[in-house]
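Here come two complexes built around chain A, the first alongside chain B, the second alongside chain C.
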Partner chain A sequence: MHSHGYSARLHVLIVENDELDSRLASDALGRSALAPYVHVVRDGEEAFRFLRAEGEHSNAPRPALVLLDLNLPRIDGRSVLAAMKNDESLRAIPVIVISTSSSDRDVADVYRLQASSYVCKSLDVEEFEQAVLQVADLWLSPARAVGGATPATNKLPKAPAS
Partner chain B sequence: MTLPALRIANRALKVLLVEDSATDAANLAAGLVLDDNRVDLRLATTASHALRILRRAGWGLSDDLPDLVVIDLVLPDGSGREVLDFMKQDARLRHIPVTVLSVVDDAHVVRRCYDGFASAYLVKPVDPDGLVALAEQLRSFWLNRALLPARDSAPDVLGTLQVLLIEDNDLDARLVAEMVRDLDALRGDGRRLRLTWAESMDEAFRLLGDRTFDAVVLDLHLGRSVGMESLEILRRRAPGVPVVVLSGTLEPEASRRSLQLGAQDFLAKDDLSGSAIARAVLHAVERRQSERLVRLSERMASIGRLVSGVAHEINNPLSSILHLSEDLLLDSRSAEDVEALELIRDQAIRSGTIIRRLLSFARGSDLQRAPVALGRLLMSTERLVANQVELLGVKLSIEFPPVDISLSIDETSIEQVLVNLILNGAQAAGAGGTVTLSSATDRGQCDLVVSDNGPGIADSILPSIFDPFFTTKAVGQGTGLGLAVSLGIAQQHGGELLAMNRPASEGTGARVTLRLPCIA
Partner chain C sequence: MLALAIPAFVIAIAVAIRTTAAVNQGKKEMAQTFTINAAKARLSRALTDGTYVAVDGANLDLAAYRERWDPAWRGVSLAWAALRGSLETDFATRGFASETQRGLDKVQSLGSRPRGSLDSLHVLWLAILATHRSMAAIGEVQERRFQASQAATDAATRVRSRMIAFLLTMSVSGAALWFAFASRGRKRRLESQARLIRERTRYRSVIDALGEGLVVRAASGRLTEWNESAKRILGLTDDQLAGRSSYSPEWRSITRGGAPLKGEDLPAMITLRTGEALTRVPVGISSEDGAITWLEVNSRLLPPDTSTNSEAATVATFVDVTERYRLDDALKRQAAIFDSTPDFVSIMTTSGEPVFLNRSARTLLGLGDGETIGERWLSRVHPARELAFLMEHAIPQAHAVGSWRGETVVIDANGAHVPMSQVLLTHCGVGGAVESMSTVMRDISHERGAMRQQAGLVERWSALVTLAPVGIFETDKAGHCDFVNARWCDLTGLSPAQASGTGWSGAVHPDDRARVFADWDLAASTGAEFRSEHRFLRPDGECRWVVGSASALFDPEGRVRGYIGTVADVSELKRASEQMALQTLELARSNDDLDRFASVASHDLQEPLRIISGYTQLLARRYRGKLDGDADTFMQHTVDGAARMQRLIKDLLHFARLSQTKSTAREPVALGESVAGALEDLALIINESGASVVYAGLPTVYGDAILYQQIFRNLIGNAIKYRLAARVEVHISATREVGAWHVVVRDNGMGIAPEYHEIVFAPFRRLHSASQAAGTGMGLAICRRIIEHFGGRIWVESVEGQGSSFHIGLPDSKGVHA
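Entry: the complex of A and B
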């Protein structure tokens, strides 16, 4: 158990296959006021292992926020989202979908599956970073204790933030 | 890959704010709503108020379906959680993101809200500036960064009949809404019914004051104003709108009485279906229209007879005045006399012009119809008015049709109508204003639409503007015949002339449509 090792910093999970995109997002998060720990996984299956603290991610903390790409190898983003929102222990983690798609259908599906929001990946790097910073501001601010729990693992899902 | 277009960019973001504190609501509104009209904010001060708005929107009974809901957790009559839960259990509402805003900073409460599928949980800053800043952040994110689901296709398309349903029973209202929704289109001509629901007569009158409805469906057994009373009030206060009465059962006496009081139709709830409602509404609207046309043409005929009689009587003395003043001008006279005589002559000419117009209006002078290309008509009209419009300091914008069509018209008189409409519009718009002439062709009809961005036509005079001699201009500025003559010309072409104000969403101004049948 690493719970005290994580101190009060929050964890953000980025589920993103594209290396450049995930690096942009984690850099932007690193510059945000809270500078959360950022974890990156590359596909939907790995995302589940992380969220359930299994396999190579057995020590994974519970993230306060998930940034989720829709187009992922193995299990796609929609299925990850649907499974999270159907899982009582994971449902409370807000999920922001970040995708290159701006199709009406994708947007509508994602909100029906109860994503917190949908942000379109901008080709403009600065704009993309701005979007990630705004997400961090709204979903990670200290006073806005997010996702139900902070430093605990998902085995202690209800540990209140102090 | 192209840069994604943010869906929200083209229209206002509709936000429903559920907040009981007036101070907090004002601060939130200050951050959410700037004067660019990009956020359309609706405030509910209690949970039940919010539920009412949402229930109605969810049933398709209003246009109020929000894009984003911001809820205070602690409300006077319950918890914001109830609103959240209600939304997430309703198939038509559950896709709408809900941001919870609360002073409660407790991880368990936060967790429970996220478990209930809140989009975000924000702790309310205690200082007012902090609250405004937070609202600005929300605005910026949801307007500029987030993509939201597209809304259903625009409800207010041409051919939609706006129907006001006055019904105090939730379930009955819902039943009617579902029946009507199941109707694809009416009679295959593409017309649709769009219902707006009013729970009480008071609410109905507020709605009737705000916008135009094609028909009213009235439940006879409304809580406070029972039975015929509500129908009588409605007929008195909104005499122009056809009414279809709903009643619990088919009571012959109630039915007879309703029709006597001016209802257009009577439906029993026992025996209700979407198509029955639609049929009754359509018939009511059409009957109303034809009654109005008959009344109008009777009135026109009598005015016509009167006018041509008077015109002939006046024509003779008038020509004497004209000729004699011209004779007198031939002799050498003092400057003062010349000025006076010229004025007499000019006024006689002016009066003669009015008489000629009156006669042509009363007689319905003969038309020389020939096929004319729409593009050419628009161009020649532009040539005719460009100078005068420019003198008024008004911009004239003519939208040429993408595909040219042919109209069978008397070109000169239709030009006269368009010139008349454009000049009216330009005068209403005033210096710095804009008048637009555009066209739309649909199902064998061609609409030539003149809109301006002036103050619009006051509701009180809207019914009179086509009457001969009706004018809003100062004495001597206009004859009050322009629109009446224009209407006559439109009718001689088998067409219509329709005047209305532009929908509030497009800003102020009048829109007059010359509708003509077109030939292939």
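Entry: the complex of A and C
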């Protein structure tokens, strides 16, 4: 990987209550050649304050990508996703949903809420980090981000069938 | 000599005088009688008949004759007076007799003149009387004369003048003898004539006394003689009869069949022609007004009488049978009426022998035309028991009071016993004694059947009412109870007496009364069936839930006359259904709890699991090779254990979600596509194992595409996981059955022992340990739950070591085709 010489650093917002996952996601993004600046918030309400630059996040930058855990205290991930997609100013920000569920139904539900990608929280740390890195790179790549299309052939990592 | 003769003459004269006196006396009486008779006859018959004039003429002649002779009587001398008186008497008698005879003949020839007969008989009688008297007188004269000749002989003897005496005696005796002989001959002739008259008179009397009509016809057909009955029967006068012959059209005679009868065909004329005697030939004679007199005619030939020089004739006798024929016709009509009735009609002698059986009776007994039933018929017609009753009770009663009514049994032609109602009548003759019996019987099988049916109905009804496990009540149209069965009393704890009238309403629980009565009134006003679920509160405080229903009863005019209803105890049912509803609710709650628990637990369990696994991996990443060798192995075991636990949790979560899926939308799913999707999911292990999956002809069914795909993924995955042969072969096929699709997934794996055929479908049940084969034991449980969710079923047929066939039956009620 090599630097592309962008004038401004990319910002990625991780909305994740779990310490382990936010650390793993941050580590994964840290390995990205795009070297995005990673912000972590712990729940949905804080996520909205960050996105709208309110309160303690009044200086928050507009993220280029949001990694969103579904299982959040107070306002859960689905509500956050739905609210973002209903907000004219936030709709364009791609959202990658991170969830422990690998059920097809949950995945389908999330895409219906216009999530850009879905990453299953694998127990395998390496596997999870790779998935996050690949998907984040995909959405952070400027050419793709401008296009805004949802990758139809996105292969999702899944648990092996029982 | 003379002296001797004188006394003789004196005696003779005396004798003659006496004789003459006696004769005169008789003549005098006779004359008086005739005078009276003549006057009477003239008076009464003057207008009618010339014959009487002749009779009167005869009488007058007699009178004239007598007058002519009377002076001569007086003129004779004493001596000759005796002789001449005698002669005179003889002549007078003879003349009188002959004149009388002439008159009588005239009378006789007119014999049957209506009003003249009595007088004719009277005349006749008088004539006979007169003749008798004359005869007596003649006898007396002869006696005297004999005595006189005796006296003369004596005198002659006494005067010794034998010659004179002899002459005198001879002359007197000779004269007396001559006269005596002459008188005797005349007397005999007269007597014979009188006998003839008597016989003829008697014959006429007999003929006229006959009830039968009698006519004599000459060969010409003309009527020559007839009697009184003939006139009466034919309704014709003598004149009319005298003018009639057989050929007279006035007869208008007909045969019994009603055809006109020609003169030459009348019985008398046939007899005349053939000489044959005919008996009882029916002949109808029409009168002018059209009424028919029916005669039965006997005819017989009268041979020609040579003595009277008469020609051949016939005598016909006849009786008027119009009445009898009318009775016969009436009887025939009655018989026809009897024959037309379906009832059994029989007329019997007093001993019970049938003299008449109508058609219905003959049909019932199977008798042909003219066939008789013979003796002892009652014992053939009635069974022994009914016969005994008939003989010992019914017939005696009929004899006693004239009739008997009751029921009996008749054995018909086929030997079947037919119940009959019977009327037995006795008929008395003129003397009041029973002369015959009759019976009318009617088949009452149908009535009996109907009665039995009715009785059976009542019996069944009462049995039902008694045995029915429901309370039954009946009310009048105002709702006043007039019947409850025992079960109703059991239910309510009330007696029938307490229930009667409006008492029944007390059984209804006070809280339900208003509602029940309102429902009742509504049903009564609309004519609808009454239905109500309510409680009975028994006097002992027990409460019973019942379902009551009632419907209206109608009278023959269609008006509501009351209600009949049932009350069924549903307390147990109600309790059970309440309990079931409660259990269902609890079950649902517990299911929900379980599902929610499974869902929440699996999420919440995953978090610590990820922490254990994740940090262990971070630990391993940072310190691998920096600790001892065991530490790396331990960390690896920790990560593997967490991974397996995660799979278990995920399957549990999935299973719980399936049971929460209550109304998954059904959409057409092409099972072929589901298999293709499953193969795609399993591409990695299929490639690794080199398994061959063949499928064809799979149908489209209703359901959820994702779930069907999971079924095939599980089944194909199992086939590969539990393989036996080096090369795994899976065949998936489907067959059409009635209203269903039968899908079979067959593999050549290790198979399943029969005792596990059911167990393999239970959650978390595994036949192999985790070290032998990966898995959580939820795969088949999930399959079964999905299939059952769509109304199908799944089962396995397998022999251990010879592969397994998983069968799936899916309903095809929507008729989707492959």
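One rule holds for everything that comes next: the second predicted complex is superposed on the first by the 134 of 162 C-alpha atoms of A that agree within 3 Å, B and C clash if a C-alpha of one lies under 4 Å from a C-alpha of the other, contacts with A are read in each partner's own complex, and residues count from 1 in each chain.
Note that a residue touches a chain if its C-beta (ideal position, glycine included) is under 8 Å from a C-beta of that chain, and two chains touch if they have at least 3 such contacts.
Remember, predicted model here, so these are calculated numbers, not experimental data.
Trainee: Could you look at A:Asp104 and tell me whether it touches chain B, chain C, both or neither (first, second, both, neither)?
Mentor: Both chain B and chain C are touched by A:Asp104.
Trainee: Which of the two partners, first being chain B and second being chain C, lies in contact with A:Asn71: first, second, both, or neither?
Mentor: second
Trainee: Touch check for A:Val119: first (chain B), second (chain C), both, or neither?
Mentor: first
Trainee: Mind working out whether A:Ser79 is in touch with chain B, chain C, both or neither, as first, second, both or neither?
Mentor: So A:Ser79 meets neither chain B nor chain C here.
Trainee: Check whether chain B or chain C contacts more residues of chain A in the superposed model.
Mentor: Between chain B and chain C, the winner on chain A residue contacts is B.
Trainee: After the superposition on A, what does A:Ser89 contact: first (chain B), second (chain C), both or neither?
Mentor: neither
Trainee: Touch test for A:Ala131: chain B only (first), chain C only (second), both, or neither?
Mentor: The answer is first: A:Ala131 touches chain B but not chain C.
Trainee: Contacts for A:Leu20 in the overlay, against chain B (first) and chain C (second): which applies, first, second, both or neither?
Mentor: second
Trainee: Is there a shared patch on chain A that both chain B and chain C touch, and which residues make it up?
Mentor: Overlap of chain B and chain C footprints on chain A: residues 100, 102, 104, 123-124, 159, 161.
Trainee: In their complex, what parts of chain B are in touch with chain A?
Mentor: Checking each residue of chain B against chain A gives 1, 3-7, 88, 94-97, 105-108, 110-111, 114-115, 117, 119-123, 125, 137-138, 140-142, 145-150.
Trainee: Which stretch or stretches of chain A touch chain B in the complex?
Mentor: 85, 88, 91-94, 100, 102, 104, 107-108, 111-112, 114, 116-120, 122-124, 130-131, 134-135, 137-139, 141, 143-149, 158-161
Trainee: Which of the residues in chain C end up touching chain A in this complex?
Mentor: 603, 606-607, 609-611, 613-615, 617-618, 621, 639, 642-643, 646-647, 650-651, 653-654, 657, 681-682, 706, 713-714, 717, 774-776, 778-779
Trainee: Chain C touches which residues of chain A in the complex?
Mentor: Residues of chain A touching chain C: 18, 20-21, 24, 71, 100-105, 121, 123-126, 159, 161-162.
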